[in-house]
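Both complexes shown next keep subunit A, but they swap its partner, so subunit B is in the first and subunit C is in the second.
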Partner chain A sequence: MTTITANILFILIMPFLFIGVINRVKSFWAGRQGPSVIQPFFDFFRLLKKGVVLSRATTALFYWAPIAAFIAVLAAAFIAPMAGGRSILAFQGDMIVFIYLLGAAKFVNIASAMETGSSFEGMGAAREAAFTSLIEPAFFIIMGASAAASGVMDFSGIRAMAANHEASGVLAAVLCGSALFIMLLTEGSRVPVDDPNTHLELTMIHEVMVLDNSGPDLALINYSSALKMFVIASVMANFLIPAGLNPALAGALFAAVILLSAVIAGCVESLMARLRMSHVPQFVFFTVSIAIVAFSIVLLKMSGGLK
Partner chain B sequence: MGFKVIKNNRTVKLKDMAEMPLDTLRHRIISSCLKGRRLIGFFAGPHEKLYVMLADDAGSTILTACAPLNSIKHYRSLTPDLPQAHMFEREFYEETGIEPIGHPWLKGVRFPEDRPDLNSTMESYKFFKMEGEEVHEVAVGPVHAGIIEPGHFRFMCHGERVYHLEIQLGYQHRGVEGLFAKHGNKLMPHLAESITGDTVIGHAQAYCGVIEALSGTLVTRRAHAIRGAALELERAAMHTGDLSAICGDVAYLIGNSVFGANRTTIINTSMLLTGSRFGRGLLKPGGVVSDINAETAAKVKKNISAAYENIRIMAHEMFSASSVLSRIQQTGVLQKQTVMEAGVIGFAARASGVALDSRADHPYGIYNYMPIHKHTMDSGDVFARSYLRFLEIQQSVELVKELMDNLPPGAIWKEPAALEPDSFSVSMAEGWRGAIVHAAITDKKGSICRYKIKDPSFNNWYGLALSLRNEGISDFPVINKSFNLSYCGNDL
Partner chain C sequence: MNIFFLGVVVILGGGALSLCFCERNKASVVIIFTALGAGLTSFFSLNILATGIARELTVNFSAPIGTAVFRADALSAFFILIISVMGFLTTIYAKGYMSAYLGQGRAFGAHFLFLPILILSMMMVAVSSHVIVFLIMWEIMSLSSFFLMTFENEKKDVLEAGIYYITAMHICVALLVAGFSVLSLLSGSLDFASFKPALSAAKPLAAIAVFAALFIGFAIKAGLMPFHTWLPLAHPAAPSHVSAIMSGVMIKLGIYGILRLITFYTFIDSRVSFAVLAFGLITGLFGIYFAMAQRDIKRLLAYSSIENIGIMTTGIGLGLIGLSFGNNYMAYLGFAGAFLHLLNHSIFKELMFFGAGSVYLKTHTRDMEHLGGLAKQMPYTAAFFFVGSAAISALPPLNGFIGELVLYLAMFSGITLKFVPAVMSGVFSVAVLSFTGAMAVVVFTKMYSTVFSGTPRNNSITIKTGEYKFMTFAMAAAVLFCVVIGVLPQYFFRLASIPASLMMALSAAAVPDTSGVVNALQILSVLFISAVIAAAALYLVKKALLKDKTAKASTWGCGYQAPSSRIQYTSSSFAATFLKPIGPFMRLEEDTVNPEGLFPRRASYASKSRDLIAAFAIKPALRLIGFCMRAFSWIQNGNTQQYILYGLVFLIISIVWAMGAK
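Moving on, here comes the complex of A and B:
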């Protein structure tokens, strides 16, 4: 029971730190002192204290969407494997429920953005739908590779991929991990896909969809988005952390990999420009290529093609 | 030719102006512009006359003429034959109500309160429309996110692609020209400085040029040198700030921060000269207000050398980062032909291979003694406009250093005499965006009765609209920033 409580607390707190670390890395590259890594925590409570302004054009859908999306992402977080490959809820086929929970969250976000009737938000919604839908096939191929390697259709199979420390298995696991990192940047609306810092509506993807949200709604939306990044990072970490470590070491390593991915995301954000909008689909679809290579390696190994 | 030919910063008596009927003048303007001259002034003035100025950049002269308007109601428009006249004629129509027949697009420029046709309002104006199932319109502004001026942009799009951008300005109209004429016997350099807040020295220089020409004041070489240093500092600071903003718009954070920090160093250096980071209060007719001693000169040199070193390193990183280049190359291309037809000027024109720079073409002040190399680029895209800014920062820094090393001796200010009555005077100064033109006409008491201002933004806004065609709508911010035009400079 205490493990579960600890796990839930970990899931709830890490997204704040994740964003905090990204912002801190960015301020380091910008030569600024930067906000404290727990600043997102304060921002969350500052927004919670504010009132909500609702557009007259919107209905109950707009009102409930942030909550629905948050619940969907939180449920996905309970399914996702955490330290040591254990998740709070594990069942056969959980990976499929996982990706569709994220999909459901996106659906309500897009629907609520369309409801405002603003041309900006419609534009942002179209972009978000177009770009992130390209990620889904990659995720399924990655999970297919994990299922093929382990013979089980749930997240616990991830760790079987590199279990024997064979070169081919490790390679496949690293490829899956890197594809998931791109997924993290895309789903989290970070550079090079989107720019979370811009104030220019015309270039936004995710930010423009939430222009009409304020106060607690905005707090939930921001938190859901951070939680989503953290959850994808935790799936990624499971690919990269070797199985069979003692639980304490595995837990520490898990947290370290997640924070490291935040550091890398911060470096990417500081040191490269974002992609031209028309090049984003290519970049996102690149994850599919990586996933296919990983899947092929697993298949070759199974058929005895790789010794 | 039929024009009265003068030089930059010179005066001509109204009775000596070349005067001809409007139809003849129209014909002469067109044939003269076919030979490479550019329209720089076209406005109604006292004695019910139209005053016209053309710049002959190759010959370093300004061609002036006037035509009686004698309560005519309309004339044949120049624009169908001379597209670069379109803004001038729209402005002329809005101010006088005299209709240029055949003008394709007589939209109001700034909707001033004293316009003859009060029925034409910003609200009743019919924007261009595009129809079709998959076509959509995106409207931005006039109130924007971020700290920028008001302007309304309407994009006609097909998906992410922009077919046409229509820009609506005029929200910042303050009646600056009218204020100069209302207080025609006062010297108001501070008003000139506030025409656009980012080109303080440029507009003050043009204002002082007009007043000094009208009063026959000879400015000392030391004052010219200080003015030149301030102008080049302003250019370097604005270009650096814009490089920072261009980096910001493509989410290249490190460029955004480094250029931003060094822009501060440069404007703080301007503060050493004037006490104001934006150069306010330095120029006044007859010279400058404050002198530069050897110690300040050394400090200025030290500051800008340090800033330039950082800018050079950062520019090297920026212009070799493939992620940045992929965003700015072939984005927002303005062809050379378009630049010449639409009358785009300044660094935007130089980035498309049109070498216009009034410091070299119509030398004034210290540039009479310092030849300027006109940097140009060919590609006309955001990359060209960005890289050209870097080249110009380098050039400005070198010029300031040279001026600080060789400040001529002498006084810095001389009381200007009274203004010549019944005269016309014109002054061009190269602000960082391009050539600023000020013209003034005095009445028989020697007081200014008509003042005309042309900021380079007046020419270039339409160039921005043209450069957006067939671009992705999400590239608008970076294309816009690569021009960084002034709203209040256009709205006056």
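Moving on, here comes the complex of A and C:
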């Protein structure tokens, strides 16, 4: 019961804080005072009160899409392991369902962007579809590494990876965590893949896909996008937090790691320029490479190659 | 078994009786009789699946067949069920689709005779347990589908595709005849049941050679790479319901053949298992990759069928690897996943071809670059097509996901083995299958969006509004299956595990405890149903929030005031983002005329993708065969006297031989 309450609280609060912290860090680097970290909450409710403008080209799919995408990400959040490795639903193969639910959200978002018939949104949709397609194999290789190390076929295997505090296990876990951080930046459309603050439509990916969404739709889309970053961050946090802590400490540490990843994302965003479009696939492919290295470490350990 | 044959006779009777009716009513006759017959056959197969008791019927034919056995076990029953249900849906759709061709003096009689014959010959293939009967039924299946697909035989490309198809099918049969001949020589019998002891006594090399010949034969039917080249030609040429039944059901008989072939062996070499897995993964990956570059809706769907056949073969490969490493859990889930995916694919692929057919009837083009905005003219077709696209991209909560989930579990159970080859193959297949899935998302968002979303790209295409009743009904039924299997997966996993248990039993492997999987599927069922309810609730909330706060406007053009439908992303431009970084693997034939001078007169660009395997492997091979065959062309020179001479020579030789034999 406490797990369910805690996780639901995390799901409700953390995505907003995540965005708030990123924005605050960016304003720090820019030397501005910046908005408060709870500003995203206010933005959410402000958008809910507004009306929507629908394009004449769209059909019912456009109306349903933000809801369907949100529900898919929310379902993924029910499966994602959070503080202390506990998730609301845990079963054999939960990591497969997790990534496919995120895939379903992506599918609906792309279809919704194409509904408008806008060339800009088509461009964003095509880019989103192409760039994120390497993420799933990377995620599965990471999960393969954790399954190979732990011998179980669900998210609980993550924590077994570095459980013995052996150098190889810890190294593999850290590598998996860093691959997931790149996945977070890619799926969350942050710098260096995409710049959420750019004002030139030609250079945007995710932001350009939602040009025609307004009001409650936009609120839901922004929240889903933040929630998606949060759930990926929570999988990442489970690679990095040692197992066997007491629940209160584990919870605090979990929140700290999530917010720290938001700080790092903010720093990356402030200190790095967005990559040239043609270099983005290479950056995303980096996750696959890191995942393969992590997997190789596990495999070497297993076959007795690492002492 | 009598019920089954009664069903078959009823279906055949429907086809024969339809000859006596006028064009308009033929389809209805076929629908009624197929409903009755398919009802009987599905009752028969459900009975076998529920009780697990195989049925047999021995019939004494005259020479050369002799005593033939018809045997229906769980494997046959699973296929009969799919053929019955999807065959029936096809006849319903056919009524709507063919109504557009009424009164044009076309060969309706033949069409509605061969449609039931195709359905029943597929069922007969699944129960024939005698080499000659099996091959006869196999041939009837290929020929009836050939006559069905060449319905519009006045078109040159249809005929060409038909000839290509029939040639491929005969190469397939030639390999089957070769493989089965060796098998019956080894066993001294034509009954399938005699092959198992014969093969376990045979030399390993002979056993592998037989496996290779029959596997390639069945792979041609199934469309495994590199034997897939007939599919992208045949499906666009055929009427849509024929593409649907060919792609949704008939090519699965190739998979049936492969599975039946496996049951002949007590032990399969692990190298063979890895080869089967590799075939599956390569077919899956390149099938969807080639699909990405297609502009023709049905060609794209044909490549997607190739991909899905690859996924099923991957499952079979996992099953075999599990068996050879003694990991029964992996083996069982691999087979069960393959069966589940087979069932699912037969449903959503028929759905997609039905949708493509409706689009074609409305617009008379299959080129996606000219379509767009159809969702407004045909909202039901659009909605069904969307569900089909999501299902075929294996997205939850639909059926496609369930099959792939079971396959992923099989792979992960290989990874947890702590045995390096199993771990490597598991991770490799997980990575390839997930990349295949990610590409499927690109392909099907591209397909749905360019056809149904946005605004029409070519205003010269006029569209009649309204939808065809029978076609919409057939699609609705398929969508219902997709959703039901998706939200109640535990029952269908159990259904698919019946033939999987048979595959395990035939290899004398124990059926493992899969309560973990069933438990996971039950949780998923609850999760998916509550997600659907939550989405509906949110929709109502959104409606309430937006009450009289909704405005309509034109799409935001980023300041540009005169957008035209020509500036939309097309299917090619959508795929280009993906295809560009991996350019060298995808050869585009480009035809560019650059603008020149200060006042350029004309400029154009056209591109066409081609199938690398067809271009660089199959075509040169065919050319080589053609070159060799030309050396024999003097035999057939059109001179009647010479043909009579051949007959005489043949008679004399056989008389001499017969006398010599005495």
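The rule is short, and it goes like this: the second predicted complex is superposed on the first by the 305 of 307 C-alpha atoms of A that agree within 3 Å, B and C clash if a C-alpha of one lies under 4 Å from a C-alpha of the other, contacts with A are read in each partner's own complex, and residues count from 1 in each chain.
Definition applied: a residue touches a chain if its C-beta (ideal position, glycine included) is under 8 Å from a C-beta of that chain, and two chains touch if they have at least 3 such contacts.
If you're wondering where the values come from, they're calculated on a predicted model, not measured in any experiment.
Enquirer: Of the two partner chains, subunit B (first) and subunit C (second), which one does A:Ser296 touch, if any: first, second, both, or neither?
Expert: neither
Enquirer: Please work out whether A:Asn7 is in contact with subunit B alone, subunit C alone, both, or neither, and reply first, second, both or neither.
Expert: Neither partner.
Enquirer: Is A:Gly144 touching the first partner subunit B, the second partner subunit C, both, or neither of them?
Expert: second
Enquirer: Thinking of the overlay built on chain A, is A:Gly31 touched by subunit B (first), by subunit C (second), by both, or by neither?
Expert: In the superposition, A:Gly31 contacts subunit B only.
Enquirer: Is A:Arg274 touching anything from subunit B or subunit C once the two structures are fitted on A? First, second, both or neither.
Expert: Touch partner of A:Arg274: subunit B, not subunit C.
Enquirer: Check whether A:Phe78 is in contact with subunit B, with subunit C, with both or with neither, and answer first, second, both or neither.
Expert: Second partner only.
Enquirer: Between subunit B and subunit C, whom does A:Gly117 touch in the aligned arrangement: first, second, both, or neither?
Expert: A:Gly117: touches subunit C, not subunit B.
Enquirer: With both structures placed on chain A, which of the two partners, subunit B or subunit C, ends up touching more residues of subunit A?
Expert: Touched residues of subunit A are more numerous for C.
Enquirer: Could you tell me if A:Gln39 is touching subunit B, subunit C, both of them or neither one (first, second, both, neither)?
Expert: neither
Enquirer: Need the overlap of the two footprints on subunit A, from subunit B and from subunit C, as residue ranges.
Expert: Subunit A residues touching both partners: 119-120, 122-123, 201, 278.
Enquirer: Any idea which subunit C residues touch subunit A in the complex?
Expert: For subunit C paired with subunit A, touching residues are 372-373, 375-376, 379, 382-383, 386, 390, 393-396, 401, 404-405, 408-409, 412-413, 415-416, 418, 420, 423-424, 426-427, 430-432, 434-435, 437-439, 441-442, 444-446, 448-450, 452-455, 516-517, 519-520, 523-524, 527, 531, 534-535, 538-539, 542, 545-546, 549-558, 563, 565, 567-569, 573-578, 581.
Enquirer: For subunit A, which residues count as touching subunit B in their complex?
Expert: Interface residues on the subunit A side: 26, 29-32, 119-120, 122-123, 191-192, 195, 197-203, 269-279.
Enquirer: Mind pulling up the subunit A residues that touch subunit C in the complex?
Expert: 48, 50-57, 59-61, 63-64, 67-68, 70-72, 74-75, 78, 89, 91-94, 96-97, 99-101, 103-104, 106-107, 110-111, 114-120, 122-123, 125-127, 129-130, 132-137, 139-141, 143-145, 147-148, 150-153, 201, 211-212, 215-216, 278, 281, 295, 299, 302-303
Enquirer: Which of the residues in subunit B end up touching subunit A in this complex?
Expert: 136-140, 145-146, 160, 247-254, 256-258, 261, 321, 323-324, 326-327, 331, 472-477
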